[in-house]
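What follows is a group of structures, each given as structure tokens.
Each of the next two complexes has chain A plus one more chain, namely chain B in the first and chain C in the second.
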Partner chain A sequence: MNTKAYALYKKDLYSELRTRYAINALVMFIIVAISVILFSIGNEKISQNLTSGLFWVVIFFSAMSGLARAFVSEEERGTSLTLHLIAAPSTIFSGKLLFNLILVFCMNIIIAILYAALFDSFVINNFALFVVSFILGNIGIAASSTIIAAIISKAGAKGTLYPVLSFPILLPLILTVVQLTLLSNQGANFGDAKFELAIVFCYDVIMLTGSYLLFDFVWKD
Partner chain B sequence: MFWKISLFIILAFVSIAGIAFPIVPVPHTWYEFPLIPGLKENAKIIFFHVPTAWLSSIAFLMSTLYSIKYLRKKNLDDDAKSYAAAQLGIIFCILATITGAVWAKFAWGSYWSWDPRQTSIFALLLIYGAWFALRSSIESEEKRATLSAVYSIIAFLTVPFFVFIMPRIMIGLHPGAESIEGGKVVQTASPVVNFKMNGNMLAIFFLSLIGFTILYFWMWTIGYKSILIKEKINKQSIQE
Partner chain C sequence: MSNFSIKAVDLSKYFGRRLIFKNLNFEFENCGIMGISGANGSGKSTLVKIIAGIISPSSGKIIHSNGESEIIYEKLHNYIGFVSPYLVLYEEFSAWENLEYFAEIRDVKFNREKIEYLLNKLLLFDRKGDMVKTYSSGMKQRLKFIFALMHSPMFVILDEPTSNLDSAGKDAVFQIIEEESKSSIVIIASNEESDLKLCSKEIKLEDFKNSK
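After this line comes the complex of A and B, so read on.
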């Protein structure tokens, strides 16, 4: 099962590297979103509270524009039936989740670097806390958005429906990671943030388990 | 027929009692409510606002339970039941949001202040909205039932975060949340019921909850039956 999932991930990666469909669009999207924020800020000095919120706003909308591809592209090319033949649903989900995880990590590292370079108030004082919350947050985003992508790939009006369906599911995660980013910017230690870290960790575990259990029903129809 | 008449009597009594019974500093007779400092007449919202909020979450729970049942048995009747529950749920959710917001303007000074409970009812409203948007975008009946069932289960997984966790980490205004009293963050009396209500106020509050819950189940039965009949007629007209 693991080798098949890995093969599926490699297939997605190669086809992505050849066409660069998602990567090009995503990089441009990130640049546009950040420059819109920079233009609207102008010369004002914005608070750390606002910066850590805006950081996750950009991440959320970039994820919404890029992550739906995983399943929608299979439906568009008509290759989902072939996938049905070669692998079990959980294997397919693992492969797609792995690809989305890598995509989310690459995308968010770019966003984090750009933020650190362009925003004066985005100063990370507790780097370890930031990294831990960043990793946990990314896993949560990838897990929830992969299962929602599977749902919308079977529905009409895919592009508009994706953020609408994902936002309520991601809301508890985003509220907590915004808090965590703020804490790491203020230089809080792990003891102050343990409750928030526990919430994000629980969210990741619940969403991963739930989406593995439910993916069977979405995939078989 | 008997229970319909008694339901009417319960709800009529609750409406009259909830609106018209006077609030006095020291209650002497059974129809006088005690004065709660800081709330005064505003305290009466509890008889109508809490049942609507309660029903919007009960409807969400029922919709999810029937979604799980649908995924197990693949019986389209369960999907109709889940749909009828969600239809009522969104109505009660809107009512709870509006009554709460109007009340908050008078009691707390602004319509909306992102208190944890307000955040969670907003999330519930978004979930209902997304659920109906998803349903309307799928044409095949079975597919629609399966995908919306999966979505409602995933959405239900986030409920513990809103109900149990957010009120504990965010500063809130509702009873049960953390609040600031005298410069210190304290945990106020946890469930809504614990706060300064006397016996007759509690009795009317629970009577109102029971009355609204029966009303909900009645509306829900009519709702899903009408959906089933509509589908039957559609199928007949296709066959002819």
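After this line comes the complex of A and C, so read on.
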């Protein structure tokens, strides 16, 4: 099953490199969003609290603009039927999840580097805590975005439905990772952040398990 | 000859309140060519999609068996070959790349010999390295036959198999259908007399429209 999912991921990767279906939209969104924030701040000094929030706001909206395409592009191009005929639903979900995971990690690493370079108040004092919360947050975003993308790909008004569905599902995750980022900025240790880490960890486990179980029903009309 | 069988038990399909067909029962075994006929909008494509496990019936069920054992939905794609005008292959890849990816994702051996034979037979060998987006609709239709047959499926579903094909393409397709029917079940859904002539059994969907 893993080889098949990897093969599907590889197909998606090469397809993406040829069509630039998601990458172009993501890169443009990241550049525009960070520029707008920089221009609106001007010479003002913003608090660490606000920087952590804005960091995850950019990540949230970048995910909105890029991750839905895993399934939406298949549906729009009419290749969903082809996928049905070559792979089991579990393989399709695993392959798409792997693609979204790698995409979200690459995208968010770029956002983190740009943030660290451009925002004076984005200083990480506990790097290990930041990395752990960053990894857990990205897994949560990829898992929930993948299943939401699968759901909305079958709907008519895809563009509107994606943020509408994502917002309530991602809100608990975003609020918790904003808090974790703030704690890592302030140099808090793992003991201080164990409650938030437990929430994000549980969120990831629930989303991964729930999505995997739900996908069969979403995929088959 | 395969031990494969497809059995429909009291199959009905509604879209909302609209009845497509009701109480459909049939059984196809081993090999041969079966036809599904009906006017436009009679539900031929709906029925073949249900047989292929792509959509669910409103009631009843389809049982796919290999010998004595029932094939589960998760494994069904390994046994099916499917051709239809609404099937779309990846246009950003060449025909060869498409077939390589399909073999990899299915986790089956890339049978170069069989694929080259089919490419030659369907007059696509010289264009195998070209992007699918540069193909004409007839060439895309012929490529779908290679997609459907490359993994030696036990049953092949052909929805409007000759649509978009010229006479050379039709001849090649008819030959392939005859060859395949010796070892697997071939289901043809069509309105074309020439397609249905190949069938030894036929289901007329008009007979299953009675809502009583």
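We take it that the second predicted complex is superposed on the first by the 221 of 221 C-alpha atoms of A that agree within 3 Å, B and C clash if a C-alpha of one lies under 4 Å from a C-alpha of the other, contacts with A are read in each partner's own complex, and residues count from 1 in each chain.
In this text, contacts are C-beta pairs under 8 Å (C-beta built on N, C-alpha and C of every residue); 3 or more make two chains touch, one makes a residue touch a chain.
Remember, it's a predicted structure, so these values are computed and weren't measured experimentally.
On the superposed chain A, the two partners chain B and chain C both fit, without a clash.
Legend: residue contacts after superposition of the two complexes on their common chain; A:Leu161 is shown touching chain B, with no touch to chain C.
By the touch criterion stated above, A:Thr82 is placed in contact with chain C alone, chain B being left untouched. By the touch criterion stated above, A:Thr19 is placed in contact with chain C alone, chain B being left untouched.
Contacts of A:Lys11 after superposition on the shared chain: chain C is touched, whereas chain B is not. With chain A used as the common frame, chain B approaches chain C to a shortest CA-CA distance of 5 Å.
The residues of chain A shared by its contacts with chain B and with chain C are 221.
Per the touch definition, chain C reaches chain A in the complex via residues 52-56, 73-75, 77, 80, 82, 84, 86-93, 97, 101-102, 104-107, 147. Taken in their complex, chain B has these residues touching chain A: 71, 119, 123, 126-127, 129-130, 133-134, 137-139, 142-143, 146-147, 149-151, 153-155, 157-158, 161-162, 165-166, 169. Of all residues in chain A, those touching chain B in their complex are 144, 147-148, 151-152, 154-157, 161, 164-165, 167-169, 171-172, 175-176, 179, 195-196, 199, 203, 206-207, 210-211, 214, 217-218, 221. On chain A, the positions that touch chain C within their shared complex are 3-4, 7-8, 10-11, 14-15, 18-19, 77-79, 81-82, 84-91, 95, 220-221.
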